[in-house]
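Letters A, B and C mark the chains as written, and numbering starts fresh at 1 in each.
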Amino acid sequence: MGFEVLLKGKNMIRLLQGLGVALKISLISVVISIVLGLILGMLMSLKKPVINMLSRIYLEIVRIMPQMVLLFIVFFGFTKLTGRNLSAEVSSIIVFSFWGTAEMADLVRGCLQSIPKIQYESSMALGLTRLQTYIYVIIPQIIRRLIPLSINLITRMIKTTSLIMMIGIVEVLKVGQQIIEANRKSSPHAAFGIFATILLLYFLACWPISCLARYLEKKLV
Amino acid sequence: MNITVLQEYLPIFAGAFLLTIKIGLAGVALAFVIGVAGAFARYFKIPVFSAIIKCYVELFRNTPLLVQLFFIYYGLPVMGIRISAEICGILGLGLLGGSYMTESLRSGLEAVPKIQTESAFSLGFSRPQTFMSVILPQAFSISVPALVANVIFLLKETSVFSAISLMDLMFTAKDLIGLYYNTTESLFMLVVFYIIMLLPVSVLGSIAEKRSRLKMFGSD
Amino acid sequence: MNEILKIEHLTKKYDDLTVLDDISLAVNKGEVLVIVGPSGCGKSTLLRCINGLEDIQDGKVSIDGKTGMVFQSYELFPHMTVLQNLMLAPVKVQKRKKDEVKKEAGQLLERVGLSAKKNNYPRQLSGGQKQRVAIVRALIMHPEVLLFDEVTAALDPEMVREVLDVILDLAKQDKTMLIVTHEMAFARAIADRVIFLEGGSIIEDTTPAQFFDAPRSERARKFLRTFEFENVH
């Protein structure tokens, strides 16, 4: 069924290395997204008109523009605009962080809104200062709600990074195609085995993280 | 930006747009059908079927559409199952979307309080009547925000069709950039057509969300 | 007599809507004041003005010491255990020693019958248990005045009693309390003084016996009638 090709030479290791490239880019983008998203989400809940308007435009762009389109704009547009080449890796990290930051900011804003006002009041009634209320009462509650949501963002980021092959990064799908090409004669069914394996690899990367997110959501919230 | 180039590109992109929309909508429709059936099976815990749906949902929600398409389009034919690119696109989008719709509808169904079923029974409704006229409409209202988000997500995902040589918007843009180096014009048209496709859905979605909230709580 | 709380000409408005209109009231140490009245009469707002959760437009509130408040919806911190809920404010606000606070928390929990629950999270408790913890959380700050804002209104009937018993016990210890409630039998049993509030003004300020048996105002009579039923047989 084409699985035998995986046992030839270093094929399996090459596939895993390809997956590693995708995972590395998702991890970097997730970290950037979480940091920037936390900051933007808090800015958004200040309810300042200018910030509100700008962030709404930003969120709407991310909501309707496919990441693939953004990837093309950054990858090809940057070269066109500056005459210099932006590496595919950097382009993809920029785009995925741009997307992830918007997602994260929206989650943070939602969490901040979901803490009832009377929680602030009961802290005040106990004599806690505004700062103490945030440190001991509000922020710990927000973090608890955010942890499962941010973990979910990781799986979505991993799935999204499969797009990077389209701007020429040699990741797991590209490696797969190369292996299929190279073994066209000896293993005519390689396409089935290789793509099934890649499907499984992505599943093995994302599924445990999804389960963890679900478990934490039940436990923490 | 060159206006003549834009004029020249307009019909090419319009054609690609129609193809993208066609496959996108067909995929969304298939996703809804799968979603309703899947949610039904999960909600009523229909033996075997419910377990299959559960595995299907986990598999498709935890893998990228691009890889799913590659498997269907390049992997299946070598085993003798040949599918055209268009059907592959619809099938891929429908299966991916079906897993998301199943989850959204199922959690909508589960969010309707059990007492609603009981009160419908006590009014003399039969089991199917209760489901169709009491539970389902409420579940649907609860699910609207998630369903809208799913539709937008699926229409955005159409951008990966170019990978299986479907002449969609993305493919056209990439092709034209490769052929004539008119990067700015191509990217501009690409963005414009995606805005045309998704902005109305996004706006209508927000309105639908407001109205379903109104139905549920009487006001927002 | 020893005045602990004094309200002079308190006025509270939301935009044009006057919620409390020129309220004057003095409470003595150890007194239990029950505030009753129809919904929307400003009872809860009065408590919130006393502990500074609402800013006031006119008048003065002076308290000899600090207040503790118990809310209708408990408002325990969901991410902390019972013990952590109790210790947060004494340790962070009053800078008291952890050991000493922990010991006192243990004693107070024992007193309200919840020693076994000290390491549980609020979501693992029943409504009545949560409310008893919320009362202890207010008590442990050693407030001079305790404010209770419809603390049994969100509870199932069978849990009302366990919470009211705790408050009755506090009255025996001569705590100064202001209680907003709809439980008329309880109000009558616990009150040293009853305030009847309507439309943002004090209509009656009298003894429970006088208020419940022979209210002076027609409005109070009408209010009390809403709690009675005609005999149908």
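Here, a residue touches a chain if its C-beta (ideal position, glycine included) is under 8 Å from a C-beta of that chain, and two chains touch if they have at least 3 such contacts.
Keep in mind it's a predicted model, so treat the numbers as computed, not measured.
Distance between Cα centroids is largest for the pairing of chain C with B.
Closest chain to the protein centre (all Cα atoms averaged), using per-chain Cα means: A. Measuring from the averaged C-alpha position of chain A to that of chain B gives a distance of 20 Å. Centre-to-centre separation of chain B and chain C, using mean CA positions: 53 Å. Separating the centre of chain A from that of chain C, both taken as means of CA atoms, is a distance of 49 Å. The set of chain C residues touching two or more other chains is empty.
The part of chain B that touches chain A in the complex is made up of residues 58-59, 61-68, 70-71, 74-79, 152, 156-160, 162-163, 170, 173-174, 177, 183-184, 187, 190-191, 194-195, 198-199, 201-202. Across the interface of their complex, chain A is touched by residues 51-53, 66-69, 71, 73, 75, 77-79, 88-89, 92-94, 137-138, 141 of chain C. By the touch rule above, chain A contacts chain B in their complex via residues 1-2, 60, 63-69, 72-73, 76-77, 79-80, 155, 159-160, 162-163, 165-166, 173, 176, 180, 188-196, 198-199, 202-203, 206-207, 210. Across the interface of their complex, chain C is touched by residues 118-119, 121-129, 132, 136-137, 140-141, 144 of chain A.
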